[in-house]
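Presented sequentially are two complexes of subunit A, the first with subunit B as partner and the second with subunit C.
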Partner chain A sequence: MSRLTMTRRGLLKAGAASGVALAAPLSFVRGAYAEDFCNMPTGSSVTLGFNVPQSGPYADEGADELRAYQLATKHLNGEGDGGLLNTFSSKALKGNGILGKKVEFVTGDTQTKSDAARASAKRMIEKDGAIMITGGSSSGVAVAVQGLCQEMGVIFMAGLTHSNDTTGKDKRRYGFRHFFNAYQSGLALGPILADELGKDRTAYHLTADYNWGWTQEESIKDATEGLGWQTANAVRTPLGAGDFSQYLTPVLNSGADVLILNHYGKDMVNSLTQAVQFGMREKQVNGKDFQIVVPLFSRLMAQGAGENIKGILGTTNWNWSLQDEGSKAFVKSFGQEYGFPPSQAAQTCYVQALLYADACERAGTFYPPEVIKALEGFEFDGMGNGETLYRAADHQCFKEVLVVKGNENPQSQFDLLEVVKIVPREQVTYDASIFGGDLGPADAKTC
Partner chain B sequence: MDAIFLQLLNGLDKGGAYALIALGLTLVFGTLGVVNFAHGALFMLGAFCAVTFNKLLSLEKVVVDETQQTAWGTPLEVRTPYIESWFGEFGSFLLNYSVPVSILIAIPVMLLIGIVMERGLIKHFYKRPHADQILVTFGLAIVLQEVIKHYFGANPIPQAAPAAVAGSADIGAWLGLGDGLVYPWWRLVYFGFSAFVIAAVFAFLQFTTYGMVVRAGMRDSETVGLLGINIQKRFTVVFGIAAVVAGLAGVMYTPILPPDYHMGMDFLVLSFVVVVVGGMGSLPGAVLAGFLLGILQSFASMNAVMSIFPGINQIIIYLVAVVILLTMPRGLLGREGVMEE
Partner chain C sequence: MKQMLNREPFALAAFSLVILLMPIWLTPFGANYPDLLQKFAIFAIFAMGFNILFGLTGYLSFGHAAFLGVGSYAAVWSFKLFTMNVLPAIVFGVAFAGIFALAIGYVSLRRSGIYFSILTLAFAQMSYNLAYSVLTPITNGETGLQLTLQDPRIIDNAFSTPGAGLPETNLFGIDMSGYPGFYFCAVVLIICFFITRRIFNSPFGLTLRGVKSNQNRMGYTGINTRPYTLAAFVISGMFAGLAGSLLAVTDPLAGAERMQWTASGEVVLMTILGGVGTLVGPMLGAWLIKYLENIFSSFNENTLEHFFSFLPEGLQAIAVDVSSLFVGEGWHLTLGVLFMLIVIFLPGGLMEGWRRLLRRFSGGGGGKSEPAVAVQPAE
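On to the complex of A and B.
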């Protein structure tokens, strides 16, 4: 029978051996991810895929998204003034790329068509080695690309998408949305409409006949009927109708005293312009001033409606006039780079790029299941919308929502929207289960 | 009753635009035998004549004010339109009336564009099959669209109607139909304008010698050629006139529909339906079908109609086209022998 003896030298050797043994599995596991997921960066750089509308009706919005992504790339790589890296509550990003790898990017053109957007995302993943896809200016595109990214195991950080379905019935484990949604627009706008227009109103909806329009109409109807408003009618208009006169004239003798335009982009510009031409802003119905409401405002597109947006109420995700430190830092960086202020689409895209990079840093890996874990339930601040939560249950961001109206006295060509109220996050938070859907698995995929 | 009357006005207004575009398309088809898919782009180019003129008038003198800063920390630029600082009230008047005044610019510009388009490209496709003509003119339309998008962006650019006709007319009071029946002044102006242009084109073709030769050429160009008349030269001018008609329709439409690079395509398909329903090569047919389809489209969008036939507003034009072509294969006023060989 041997005796167990422990010398000082033996103790040191055993300690060193134990240290090596403990450290070895960690480095082994980190290395193991390399074999297990699509487009694991192996060189000194990491490639992000910016999928934005470079042609088609939303090309100007897409161009602004691309500017924001290029600025985010600069800031992530330590160039420029650092932008929101200086105000972001998470301090994981150091301006040395992502996990020490220089950030590079490739771009795709969604054309604001689901099939084209999927094709360009697929090309960036399969041919260009993009580890993450981000961008877009349409809910149809977001849902389509999100589905593809789930299939391919590549994280998708959505751009401008406002339909409830993106993080509702079509939510995906690999998809994340920073932008607010139609339901939140209703929650934010309802009380302001009650304050500004009263509780005894009759609304008439004109709604773009596609997924986003339907969800917005439903959300705003829920909110206004909850206030006690009546709904005179809700009429679906073809996307890109151009001339809305035949849909506007029935409003005039419908008994409605509020027209709600569930339109976006060119449709919003045309329907609003024509509604004003039909004298709806001077009209009196039921003893009240007739009002027009545009639940989703985009400053970039509101330019197309010119003077007609003055005094019109709506909501927006973010506006460059905000005075919090994050917004000021972003406006300064963007304005100095390009000579004009960023749009809400630019802000959401910039933030999404940084949030992905930050999640990789905090996870210590590009391995998607770990990055997803880092994003799920992540609380942050300093990005321009107050304290924000990336809710784990549906991958929807919860943050402040802005109720705005068309500026009556703009000080510049960019000063189109006036913030009426910053609606706190608590007021636009809802139960994730109301929209159903299933996030699906987080399993890594090879490509 | 009010609702029906308003929809009738909407239909006449919309029909005016369809008729103007279809008139040009028919002129080109009737004279040159070319199916011109770039015709919608001419409508769009006309609208951008108004945009360009307005932008020229709005050129601004920029003074950097070092005492004020933008939100991004650069000195504030104070901008004043040159035209107002140079010409005072007359400058403001020109800016206010930039849309109707730009008609004067659009006429020579569109005539030139039409002639260059015909001489530079389309004449090489006269003897080619219609499919080739469609492909080349459609390609040309896309090129023109992309050029406009490059210089003006993709977003619509608002053009205001002159202040005097920016609001609504109280037509209820005019017609004794009661108060509150209003209709936008500019749409009434547009309807009157389209009726004037259509009448002018018909008068030109009907009452001038030039027009008589063109009409004769549309019937039988070979015989007209044998009389020693250079009919091709006249047809080139007709192509230019068609471009002017489409361009003017575009100029005057800008306060109704803020123009963007794609607006021509939005009208093109409908205008072809109008031409086919009216009868290929028939000018009165194009005008008649333009107004007819415009009115039908408006009535189909009435809530009472849509509650019985959901979605009818989106298919009515095509439905009517199918019915007319089944019962009258040459269209409403089509001639025998056109596109029938």
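On to the complex of A and C.
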């Protein structure tokens, strides 16, 4: 075939053929998506999407989150000892999956990057048919994925995210957060700081430069200035800086006698370790002992910081040493499964998975607008945080907040945080309107 | 056969058919879902544009992701300020990336070889860090630039009242998410293929190849190569800006990590994997990497146990343990191994493999193969 002659008829035929070929995928699409709402489960199983950081700076948290999700899946399907299903105040879950459908899951790696997190969430929704997305360990990622889930009409149960924005400025109808936030940290930590350190202090903030750091700095500043403290300076540090010495050097000459580290994960481990190496904790400023405060604490971070953590104050969402029925049950089944106690990230993720399943059972359907209604304003207990309310106005959970201190005499390698005070829910409740934002519509979408 | 494929209408028709039918032929690979298809088309454009610079002139830019990021930011700002229509966003994305490339290219192209690579890398890292720190009001830092309900969107709001919830990107009323988004990207990719093909076969392309083989000789024959390399750099930056704006079109969010050096490195990998200086090689490389990133990374132990369920119990456990190293978060390892194998055994990338196959099946005839040309930056 050396030369192709083009005739009118041939051209028409070719045109028609390619038209059919082009339209073919569209008809597949229509067939696959002919349903009432995005990813309506039609078979005998229902798929949940666990989107956690498996690589990057928060990989430790992500690994623990995934363990918790796998445990939750087991318990929902009636395997294992049932965990928190036994202590949960709502008895809608029977251990036979969700609405009689077996729970299956798909996983994705957020890489702690908004782009990657959205790509993997999209994959789980578009390809794997996930009806709910949950997980994550960064507020940047949580806000990004939550926005995506709102667009696609898939419920998002946020994992570890502490920024006020997640349920404040950037709140979404399809997004729910069980974890506490920076504003609540400020409310809880304030009075304790006044008791332990006095009302006449000058603070110096080092802040991770992204939405979580900004809101935490603001919240803690408000809380401490409310006590009568001064703020000497607030310096933003790049995320993942590694070396903080250039930011720490000016602190001692600034006249400040408290250093507040608004850092998380490896950043916090590095900045705290360097501050201790600088001898800050032995210094006297303004006639008082120099102090360091880390408003958001976790056991995984304490493990990384080692000795340096002793005596340092902060807040946390949950700690495995709590003695209520829910916490004990969770620590027991997690310990049996994996051989060590769960982190706060694991607890919040496990509880989120159960709360979603329970809301579907109570709503009697997977139809998202109904599930959202079931979650909004839901009061529950027995999940390890005392009586808890999922507030309808901003989808934030209101529950006890723990003020903790690095343990001076740890009994084991996990016994790193000592609970100073369990701050009651009333004290950390605030007006939903202070952060602005708009939840948006709850309309179901087809994918 | 080969001659037929070289004719422009046939080449274009064949290429269009392959691209537009992707939702069908990718189904067996489990890659048939809109997000990945969109990424295939977008990163093909990115790699193709990169290849105009690297493949033709031999200048290895290690900072191409900066243009991708600039394109994304410009497009999202167009959505925020003017309209959700995608055409202005693309125009802005390409234009800003072009201006940015002109500035960076003007400085960087004073050097060649490794120095050029380092300069571009430095500029890209600088842009990345600026986006994270000083430029936070424009880029929204780590959180990423996103649409909000408070955006002015002057043009849209002048014609209609906004509904509840965030608006979606559209092309005169057609939503650009899902499959329509893919077909839009696919059409843009076909246009880019046409442009690239024309550049490859033009006297301009020939001049660029001349730069690659020996820049000094070009200079002695009286050709000032600087305008040519700068033009190639800007065109390739504009392709990257186009890809960046398409990323924003299919998903209106721009994050600084798009500009990170790893993203720049990725496009280099794509091009080398596929075949430097070939027309479709970089596209194949882009597909391979995006496929690994999205599909391999999603395999977990349950998937593997299911996959190896035909084996007896003990063997199954071993097979799962070994293969789990290469999937999930270990997909980088798979990519690394694959990259090594290709660089060692097929220095010309996937395209060289294809040519060797063709030669074998056409009975050893088909003329002598060109020796694989090592990529040599111009000196």
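As a working rule, the second predicted complex is superposed on the first by the 412 of 447 C-alpha atoms of A that agree within 3 Å, B and C clash if a C-alpha of one lies under 4 Å from a C-alpha of the other, contacts with A are read in each partner's own complex, and residues count from 1 in each chain.
Everything that follows uses one rule, which is that a contact is a pair of C-beta atoms (placed from the backbone, for glycine too) under 8 Å apart; a residue touches a chain by one contact, two chains touch by 3 or more.
As the structure is a prediction and not an experimental result, all values here were calculated from the model.
Student: Looking at the overlay, does A:230 come into contact with subunit B only (first), subunit C only (second), both, or neither?
Tutor: Neither: A:230 stays clear of subunit B and subunit C.
Student: On the A-aligned overlay, A:320 touches which partner chain: subunit B = first, subunit C = second, or both, or neither?
Tutor: A:320: touches subunit B, not subunit C.
Student: Go through the superposed model and pick first if A:86 touches only subunit B, second if only subunit C, both, or neither.
Tutor: Neither partner.
Student: By the touch definition at the top of the document, which applies to A:238: first (subunit B), second (subunit C), both, or neither?
Tutor: It touches subunit B and subunit C both.
Student: Does the superposition put A:249 against subunit B (first), subunit C (second), both, or neither?
Tutor: In the superposition, A:249 touches subunit B alone.
Student: So in the superposed three-chain picture, is A:305 touching just subunit B, just subunit C, both, or none of them (first/second/both/neither)?
Tutor: First partner only.
Student: Now for A:210: first (subunit B), second (subunit C), both, or neither, which partner does it touch?
Tutor: So A:210 only meets subunit C here.
Student: Going by the contact rule set out at the top, does A:427 touch subunit B (first), subunit C (second), both, or neither?
Tutor: neither
Student: Go through subunit A and flag every residue that touches subunit B in one model and subunit C in the other.
Tutor: Subunit A residues touching both partners: 55, 59, 238.
Student: Give every residue of subunit A touching subunit C within the complex, in rising order.
Tutor: Answer in residue numbers: 1-2, 4, 18, 21-22, 24-26, 28-29, 54-55, 59, 106-109, 113-116, 118-120, 122-124, 126-128, 139-140, 143-144, 147-148, 150-151, 165, 170, 209-211, 236, 238-239, 438, 440-441, 443, 447.
Student: Quick one: which bits of subunit A touch subunit B in the complex? Just the residue numbers, please.
Tutor: Residues 55-60, 233, 235, 238, 240, 242-243, 245-247, 249-250, 252-254, 266, 269-270, 273-274, 277-279, 282, 300-301, 303-308, 320-321, 328, 331-336, 339, 341, 412 of subunit A touch subunit B in their complex.
Student: Subunit A touches which residues of subunit C in the complex?
Tutor: It is residues 3-4, 10, 17, 20-21, 23-24, 30, 32-36, 39, 129, 132-133, 136, 141-144, 146-147, 149, 164-166, 168, 177-179, 251, 253, 255, 257-258, 294, 297-298, 300, 328-329 of subunit C that touch subunit A.
Student: Using the touch rule from the top, collect the residues of subunit B that touch subunit A in their complex.
Tutor: By the definition above, subunit B touches subunit A via 2-3, 6-7, 10-11, 13-14, 70-74, 149, 153-158, 160-161, 166-168, 180, 182-184, 186-187, 255-258, 260, 262-263, 266-267, 297-298, 301-303, 306, 313-314.
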